[in-house]
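Sharing a structure here in structure tokens format.
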Amino acid sequence: MPVIELHVMDGYDDDAKKRLCEALTDAVRIVLPAPPEAVTVMIHEMQPAGYMRGRQHRSAAPALPDPVTLVRTYLSAMEAREIDLARDMLGAGFAMTFPGGVRMTRLEELIDWAAPRYRFVTKTYEGFDALQSGGEAAIVYCRGTLSGEWPDGTPFDGIRFIDRFEVTGGLITLQDVWNDISETKGAT
Amino acid sequence: MPVIELHVMDGYDDDAKKRLCEALTDAVRIVLPAPPEAVTVMIHEMQPAGYMRGRQHRSAAPALPDPVTLVRTYLSAMEAREIDLARDMLGAGFAMTFPGGVRMTRLEELIDWAAPRYRFVTKTYEGFDALQSGGEAAIVYCRGTLSGEWPDGTPFDGIRFIDRFEVTGGLITLQDVWNDISETKGAT
Amino acid sequence: MPVIELHVMDGYDDDAKKRLCEALTDAVRIVLPAPPEAVTVMIHEMQPAGYMRGRQHRSAAPALPDPVTLVRTYLSAMEAREIDLARDMLGAGFAMTFPGGVRMTRLEELIDWAAPRYRFVTKTYEGFDALQSGGEAAIVYCRGTLSGEWPDGTPFDGIRFIDRFEVTGGLITLQDVWNDISETKGAT
Amino acid sequence: MPVIELHVMDGYDDDAKKRLCEALTDAVRIVLPAPPEAVTVMIHEMQPAGYMRGRQHRSAAPALPDPVTLVRTYLSAMEAREIDLARDMLGAGFAMTFPGGVRMTRLEELIDWAAPRYRFVTKTYEGFDALQSGGEAAIVYCRGTLSGEWPDGTPFDGIRFIDRFEVTGGLITLQDVWNDISETKGAT
Amino acid sequence: MPVIELHVMDGYDDDAKKRLCEALTDAVRIVLPAPPEAVTVMIHEMQPAGYMRGRQHRSAAPALPDPVTLVRTYLSAMEAREIDLARDMLGAGFAMTFPGGVRMTRLEELIDWAAPRYRFVTKTYEGFDALQSGGEAAIVYCRGTLSGEWPDGTPFDGIRFIDRFEVTGGLITLQDVWNDISETKGAT
Amino acid sequence: MPVIELHVMDGYDDDAKKRLCEALTDAVRIVLPAPPEAVTVMIHEMQPAGYMRGRQHRSAAPALPDPVTLVRTYLSAMEAREIDLARDMLGAGFAMTFPGGVRMTRLEELIDWAAPRYRFVTKTYEGFDALQSGGEAAIVYCRGTLSGEWPDGTPFDGIRFIDRFEVTGGLITLQDVWNDISETKGAT
């Protein structure tokens, strides 16, 4: 039933428009119990010359990167220990908190902290959730299971984890991590 | 810059409209780097007699409850061990997974499982995040810290936790829990 | 897929709006192969103070009567020989043409013409079709079968007929009639 | 006064848009007594990337053929006895009913049936009316006069006829015919 | 041809809406050579709960007074020497400039300045023009002729004048006056 | 808060659209006390094939020239005594009224009239105001100061003036002039 019209500046690519359509559909469905096929989104694109706010023409700012893709790329870089690549994706004031409430701000700290904990770890993703907060940050959740090897070479897998990221202006500013590593270790 | 027009059936209350406006604003801002004050949402309400889809008039289904409020109420009921109240908020096929991958489907199981783990536990909330998935379920995240007493009466607090809920048709169908209890205990 | 928005003056009743919604749905579907459930019609009603054309506020003219209802009422009146009632539904310049190309302008003529043809006749309707012409007139088609008695009292039924009406400003200005009476009689 | 906005997928040709504009104008005018110059139609075309229903982009189905043109072509083919061409324009379940209630389903039947009735017949059109039914079919009416030769070579003309067609998915599925042939013959 | 849709908060009275419709019609016609009857304005009124900018509901500020009415009232008050009434209509920083470039800021100054010039003066209006500047002020022009008596009691009339006012927030902040008094006197 | 949508035929250049956006913004702001940055204008351009009024497609008439630019060009031509150029900018029925109520219809008259008054005169502009009247004419006001030489060669400057022009169909049809020349001369 609901029909959503979005008026935006001309020039966004198909991927941005797809993300807009999906996000608007979902936005309505969190409040209204409309079946998906009853939610219609229509984007009207405006030429800059045909748009004015405050008696001034405006131009379109580039679309933000998809925060899920951003987080995925970051996690892959970290798994592959491509620290430089990962660091380029971090914004000012970046901080991360790991199980036990360990707070770090530099990726090198994290690597040192992880060293006695496991030889390596690989993430298998079960799902991502992304939303825009009311403030500046987009929030990305990523959950699934960890597999890898303990320091003594014993393999492990199936350990539940969840990460919460805040992304502002296309850069990661916060990472919070919870997992069952300690639970699993304690159980052995 | 973006202007969003939503056409819905007449009759939603102010709270539902506020939630719609906020969700639509956020939906656009996860893709477009528009400052909030540049995002305008306008809701046009339609009389049933002035709306037709498929050559049939339609009537408005009641708005869904706010999933964050729902989850908050559920968590309060659980803390207060108001099991009947909490159970009424669960949907068909409800399942919950707790640290260590423990999967349960009945609240009584959870109470038994928790008994040897702590005398009681209270949640201090740091934040809630809610979004509509592409499917039926709304997703609610709730995070913060746990305080309470261990079975031996020793108090604890500041233990990080995060819960992920799925809410379908106003009922909770999934709860996934991660926390640092084991991490904390292991550290003691 | 198609979404139709109609802006009209406030004040039309539900029946007029239903007829508008249906007519607009059908208008689109004669050109686009959209399944009906994909055609959405939304009527926006304007207060007179919020509508201006040519720098003048306008007021809404009353809706036209449904031409199908009008024709049905006329045909019932004629069957019941309520000539005065039927005559009131005729517009200036009314003319009717009956099988054999017989053209008449007054209902009394018709009654005289019919007298030697049948004692009475009753219409069983199979369907009505109505459309607006590009000009002033709405067109109504009515088809079905005739039953009744021949002048000698022999009953007849199942004789196909079709009538075409033009309706202007809520009055009937033209009636064209075709039927198989002669075909049937010739066959006996 | 009425303003109609139609949102459709981009890509329809000018003829389809003209037919849409005319049909929408007429749809409003069958209910509202607006003078034609007060009815405005505006078509907004959407890029597929800017349209989503049910969280899915949609593509535009090709416009349906103009049913009046279709019927005209069919009638010309029949007059010229181009049976193969005419047959290609018929849909599944095609049936036709001729004066006297004669029901046929194949064009060859019709030719056999007509043979003893007239040597040939030509239609002079007085007008066509077309509308979309509430169901799948578009309805086309065609009326005018017949001229030709009786089996004995005597010419005739000016005999009133009317045909009613149903057109579904661009194919003719029903033809109903009424005319004054019998009336005329009976009169001779 | 042009169709203008204005979306504003609900609650403006009919006079404000009339002024909006007229001003929008004129705005388009200063650029497009559309005949007036081809310019349509439609106002859509939004409930506060259905409007959000910057993730905040907004409420409607009261309409500004019609600046022409304001200026007319001020001029009448001045003619009637109702100085208190007139003074209440002046905004901060008010200044006026009279023929010869005489600049004054208080109405008492004006009265003193005028005393040796004429016993009294009455304005006959030929027309008012009003527009919104790109800045804060609305501009009102008022022109016509002056009649009255010279200090010696000789009557005069038909002397051309024009006043230009700036009105900000419903108060007059600037008055510029030109007239032919000196021209006329010089000619005598 | 106010959002203005303008639907016009496709094909106007960026300057015409800028003038439309500005004029529409100002039109709203003369009635509503919205800060400029809260007024949004969106122009939707229609293809001729997607626009119909009165069951007829329409084509876009060329935009009118900016009346301020027109008046400026006219005044420059007059200052430079390019009479032919200036005359081409005058419409049928052109009349001008100068201080003292002197009414003239031909530019040559004006030149003769001015000859004994000053050797030459140059305008320094303080500002232009333009608006569309409710009728056919656009109104342009131009004000500032005059400088030049009196017939005896004495220079003058800083003399206040204001001109009012009516512009219809891109041609000047009326010029009314007020200034302080006589006031200044009388004072010397």
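The first chain written gets the first letter, and so on, giving A, B, C, D, E and F; residue counts start at 1 in each chain.
Simple rule for what comes next: a contact is a pair of C-beta atoms (placed from the backbone, for glycine too) under 8 Å apart; a residue touches a chain by one contact, two chains touch by 3 or more.
Computed from a predicted model, the values in this text were never measured in an experiment.
Following the contact convention of this document, B, D is the list of chains adjacent to both chain A and chain C. By residue number, the contact pairs of B-C overlap by more than half with those of exactly one pair in A-C, D-E or A-F, and this pair is A-F.
Greatest Cα centroid separation from chain C: this falls to A. At the far end from chain E, in terms of centres built from Cα atoms, lies D. Distance from the chain B centre to the chain F centre is 62 Å, each centre being the mean of its Cα atoms. Each chain gets one centre point, the mean of its Cα atoms, and the points for chain C and chain D are 19 Å apart. Computed centre separation for the pair chain D/chain F is 56 angstrom, with centres defined by C-alpha atoms. Listed for chain B are residues 3, 7, 22, 26, 38, 40, 42, 44, 51, 53, 55, 134, each touching two or more other chains. Of all possible chain pairings, those that touch are A-B, A-C, A-D, A-F, B-C, B-E, B-F, C-D, C-E, D-E, D-F, E-F.
Residues of chain C that touch chain D in their complex: 1-9, 12, 16, 19-20, 22-24, 26-34, 38, 51, 53, 58, 60-64, 67, 97, 99-101, 129-134, 138-139, 141, 143, 158, 160-162, 164, 169, 176, 178-187. Interface residues of chain F, counted against chain A in their complex, comprise 14, 17-18, 21-22, 25-26, 35-45.
Of all residues in chain F, those touching chain D in their complex are 7, 44, 46-47, 49-55, 57.
For chain A in complex with chain C, the touching residues are 3, 40, 42.
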